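See the structures that follow.
Two complexes follow with chain A in common, the first pairing it with chain B and the second with chain C.
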Partner chain A sequence: MMLNNMLSLLRQELVLSVLIFLLLFIKLGKDRSQASLSVIVNIALLINLLAGLWNMGEGELFSGMFHTNATIVFEKSILNLAVLLISMQSYSWLKSHDQVIEFYLLLFTSLLGMQFMISSGNMLMFYLGLEMSTIPLAAAANFDLTNRRSSEAAMKLIISSAFASGILLMGISFIYGTTGTLLFDALPSKLTGNPLQMFAFILFISGFAFKISAVPFHLWTADVYEGAPVAVTSFLSVVSKGAVIFVFVSVLYKVFQPLSHAWYLIISVLSVATILVGNLFALRQDNLKRFLAFSSIAQVGFILIGILSGDHQGAVSVIYFILIYVFSNLAAFGVISLVSALTGKEQITDYKHFYKTNPLLAWVLTIALFSLAGVPPTAGFFGKFFLLTAGASKGNYLLIAVAALNMVISFFYYLKVVKAMFMDENETPIEKLEIPAVSKLALYICVAGIILVGLASVVYEHINSLSI
Partner chain B sequence: MNLSLLVIFPLVTALAVLLSKGLKQVRGFALLGSLTQLGLAGWLLKSYQAERASGNLTTNLFESNTPWFTSPLINYHIGVDGIAIAMILLTSVVVVAGILVSWSMEKMSKEYFFLLVLLSMGAYGFFISLDLFTMFFFLEIAVIPKFLLIGVWGSGDKVKSAMKLALMLMGGSALVFVGLLGIYYNVHSFETAEVIRVGLTSGVQKFFFPFAFIGFGIFAAMFPFHTWVPDGHASAPTAASMFLAGISMKLGGYGCLRMVSLMPDAANYYSWIIIILATIAIIYGAFATMMQTDLKYINAYSSISHCGFVILGIGMMNKTSMNGAVIQMVSHGLMTALFFAAIGMIYSRTHTRMVAQLGGLLKAMPFISTVFVIAGLCSLGLPGFSGFVAEMTVFMGSWQNPDTMYRFATVLSGASIVVTAVYILRATGRAIMGPISDEHALLADATWNEKLASVLLIAAILVIGIAPFLMNQLIVPSTDILFEHIGKAITIK
Partner chain C sequence: MNEVPLEHILIVSTALFFIGMYGLFTRRNMITMLMSVELMLNSVNINFVAFNKYLYPEHLDGIFFSLFIITIAAAEAAVAIAIIINLYRSHRSIDVDDAAEMKF
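Moving on, here comes the complex of A and B:
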């Protein structure tokens, strides 16, 4: 019975673990071509994704340490989908790389950590998952082995994560000290809001803010995003961020519900600051990866506004937005990753007149940027609309007005890239690129997602029907 | 009839354009699609009149309501009243004319026609929406094509103009969005009918009305948010200018009208501000036009002045003035599209739009010159053309308001017509009459497609100008219904 339970509830984690061991064995055996390896990995990821589609009910394992339900499975599937897309997109980059297996090993270990983190029912389990997801990423950030910036990025990532983890851990220990429990279920009734608990809570939120790079804890983001290989950058900005936000929502809504008056204020301030700073810095970037780093900071600000609502609708809009964010951001990163792998160019100025030579990639990037900017009919519009609608449910319309006007600022810098691609003249545009079929497929999936997830309300309604 | 066809046809046309190859196929599909659309609009008008004649007095006809999202509650709810049909007819006429005018667009023709069709789809969707979310959705769909159309195919300082236009319109829709959220959380519905039925308290209206009204006002070139108009119109390629002035600015006016009907208390409360802003726009627009030397700038600034009449008519808050506002929207849409078409034809031949460098064009291209003169005469409100009917109705309505300040505003606005006459006659005199320069003497007259586009627009202008009752029959019953609700708010005060 226990074994059956484990098999069904842990199915996503198990598929990943098996995959990790399989890769280890392949590594020990004789050398394989990168092409066949990619096929194996991508098929395994697809199986992993499909494993999430079939509903196996909810339950707990390891005396409450691990729990799962339809929502959590859905969240994990979003992450699995993102990793599958990233793996498909980095095909051209990995082709020229020697340590493909190690790269996948690191990525999957990190993903496994995230899945345990999302499923955690206990502060310790949560912390364990978080660390398991962060440390491999630092190694992965260093994967442009000959590039000094890549090592610098890895260094910055590991130091700032260690710092954030330290703060988080301190918060957790204070919480344990004042309540005597680490179980999520038992915590709410013991939270009274006394000063030490408030202090612990602030430490806790700061740790989270580091991980999702909310202002003022965002300083590491741009450098790490710029230095790391594109595949790792997209993993950091989509998967890693998404996973932490999923946990953030459930922890805030369930565990810290008694302190909701406190976190409402904290998060209002954080959200406005994050949107504003992210936008203002994004305005001045010329490196596309840095540009997307700051734009993703601004996006996190919008997510925080959705979180503000504190009810079912807020959680739904956040999960929905992350799904959309996966498609839009990965479409953007997909194009950048291709161009970067084939030509090494990453500046916005390099993309001048890009449309003339690569119309397909230019359209994909344009649609992705429009989705990030929240322009209909792309899904980004629906995502932002629902986030802000949820955020307005508490009646703080001025906050919403500030956020809505910030969308105009963000619109400016997204349009700047579109302008470069379509309108600026350039004597030496990026030449016509040969796109591998796998990467092309990944881009098509992203574009289909961007268009369908919004217009077809089924997806939203499905998330809405989950109990959160 | 099924109103969704009005959105589906442009979508199909856009896809056909994307899949076709070469200029000939592309423009063929675009024209076919827009003509079908014109036919649909005509059929819509016919079946609407038949329904009304058979005694159907519901506010909106041909309604259909499909649930879209459940929480927040969003329905794809469509339906039309007379005002919406007037706007749809305007859109379909301008779209056909715009596509005919860009018949020989060689540069990236596929993308060009695709964006034009997409823009028209946004407008159709906007006019048939009865749900505020859908309305907002289509409003924003119409923004992006403008940015690309101006930025890629424009002339002059095109990128800056495109950016300015896109950002200001996005700012407008951000404000509209806040207004909509306010309405939603007080009524728990995005349905316009539901908002009117439940009603918003006066305090709520006063807080959210400025957001929504200014938001739509930016689209309608309301002073002081009109600055995107001159640059945007001047830089845009001909068809895009026609679409901008003929369709896009009408989205704003129509939106303002709907917002007034949703929040009549606040509209009544703020009406003096609206009137002042509209009057400034009318006077300032007219005088600014006097100073322009570029034909496109002349028409763009005069658009600010003419759109001021729309806002004035709405702000005066009575039946006649609102009728006038609607007629002015249609009339200005047609007239300004004709004007831009004529300017585009002149520019494509002479390669200059500077009045000083033109002259005596009547000798070389009699047809285009005549079109230009007709557009000018309509613009200055000559009886027999639609401009006269529209402005006359607005003034008749405004004068009904006995308040001194309102009367003063009416008189001032009326006086602007003299200024209009000055700049129109001056531009016409210099560019069309007089001696012709040698290099312009041999230029060819309009081609068949340009003639067709002009004739279509002129015919529409004349129909409204000579038989205004046709227009009145269409819109007056609907403004009556609209005003029933607004009127209550005024009497309460």
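Moving on, here comes the complex of A and C:
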């Protein structure tokens, strides 16, 4: 009975753990062709994704350390889907690489940490999951061992994330000191909002803001995104950020509900600063990865506005937006990763007249950027619309107005890339690229997601029906 | 023997935390920066153990938490030093100012 329960509740984590051990054993054995390995891993990831859709069990394990329900399973499935897409997109980059197994090991360990973090019901479990997801990522950022920028990015990531977790831990230790418990369920009744607790809470939120790169804790983001290999960058910007935001929502809504008056103020200041700084810095970038880094900072600002609402509506809109964000950001990164793997070009000026030679890739990138900007037929519009609606429920219309105006600023820099691809003249555009079938499939899935998730109301209704 | 009051321990740990933070912001050598971060993590350990012993001695939550922090800090230091060694191979230096190709 106990074992049965464990197997069904822990199924996503178990599939991943088995996969990690399998890869370790393959690593020990004789060399295998890299291409067949990628196919095997992708199939295993698909199984993992399907494992999440089957048998929505609820319950907790290890005396409250680990808990799961339909919402958490859905959030984990979003992350699994994102990792599957990243793995399919990085096919042509990995084909030429010697250490495919190590790459997958680091990514899967990080994903496993995120899944435990999302399911955590205790500060200790939460901290372990967070570290388990961050440390392998720093190693993955250094994956291009001979590239100077790659090591610089990894160094910046590990030192700033260690600093962030130090601050977070200081917050947790004071919360423990004032309440005497680490369990998420027992904490809300003991939070009174005395000065030490508020101090602890601010430290705690700062640690979180570091991980989701909200301004003023965003300084590491752009450098790490630019220096790391594209596959790792897309993992960092989509999966890692998404996982921390899921936890952020559940921690703020459940554990820190008694302090909601305090975090309402903090989050509103953070969100405005994040949107403004993200947008203004994105204007002046000419490296596409760095550009997407600042655009993703601005997107986090919009997510924070959705979080402000503090009710069921807010949580639903955040989960819905992350699902859309996975598709739109991965479509953009998919194109960039293909171009970067095959030609090594990453500047916006390199993309001039891209449409002439690679119409398919140019259209995918355009649709992705439209979705990120929030142009109506794409899902990005609906995501942002629901976020702002949820944020407006508290009646802070000035904030919503600032956010809406910032969407106009963001049009400028997203469309700048589109203009470069379609209108600018260039004598030496990027030559016609051979796209592997796997990557093409991943791009099609992303585009289908961008269009269908917005138009098919089933998705939103499904998320809405989950209890947060 | 008189016990040391909890406040004194908290003053030590808070001072240690901010010394670590100061070191991280002022030092330019990566290994020293790493040591500063470890100092911050260790001040958290002192906090947990002190709170556990003085305020909530019936459960061992705090002590176990600090055990896990020590383990994770070791893992973090291992990865960080590996990264620094790799960075040294390409930059011939472990000064953070030399590893500043990407800005703004």
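What we mean here is this: the second predicted complex is superposed on the first by the 468 of 468 C-alpha atoms of A that agree within 3 Å, B and C clash if a C-alpha of one lies under 4 Å from a C-alpha of the other, contacts with A are read in each partner's own complex, and residues count from 1 in each chain.
By our rule, a residue touches a chain if its C-beta (ideal position, glycine included) is under 8 Å from a C-beta of that chain, and two chains touch if they have at least 3 such contacts.
All values derive from a computational prediction rather than experimental measurement.
Participant: One more residue to check, A:331. First (chain B), second (chain C), both or neither?
Facilitator: In the superposition, A:331 contacts neither chain B nor chain C.
Participant: Of chain B and chain C, which one contacts the greater number of residues in chain A?
Facilitator: So, of the two partners, C touches more residues of chain A.
Participant: Is A:159 contacted by the first partner chain B, the second partner chain C, both or neither?
Facilitator: So A:159 only meets chain C here.
Participant: A:73 in the overlay: touching chain B, chain C, both, or neither? Say first, second, both or neither.
Facilitator: Once the two structures are laid over each other on A, A:73 reaches no partner at all.
Participant: Shared contact residues on chain A for chain B and chain C?
Facilitator: none
Participant: Within the complex, which stretch of chain C touches chain A?
Facilitator: 17, 20-21, 24, 30, 33-34, 37, 40-41, 43-44, 47-48, 51, 55-56, 61-62, 64-65, 68-69, 72, 75-76, 79-80, 82-84, 86-87, 90-91, 96, 99-104
Participant: Any idea which chain B residues touch chain A in the complex?
Facilitator: Answer in residue numbers: 68-72, 133, 137-138, 140-141, 143-144, 147-148, 151-152, 158-159, 162-163, 166-167, 170-171, 174-175, 177-178, 181-182, 184-185, 207-208, 211.
Participant: Going by the contact rule set out above, which residues of chain A touch chain C in the complex?
Facilitator: 123-124, 127-128, 131, 135, 138-139, 142, 145-149, 151-155, 158-159, 162-163, 165-167, 169-170, 172-174, 176-177, 180-182, 222-223, 226-227, 281, 284, 290
Participant: Within the complex, which stretch of chain A touches chain B?
Facilitator: 313, 316, 370, 375-377, 381, 385-386, 388-389, 392-393, 395, 397, 400-401, 404-405, 407-408, 411-412, 415, 418-419, 422-424, 457, 460-461, 464
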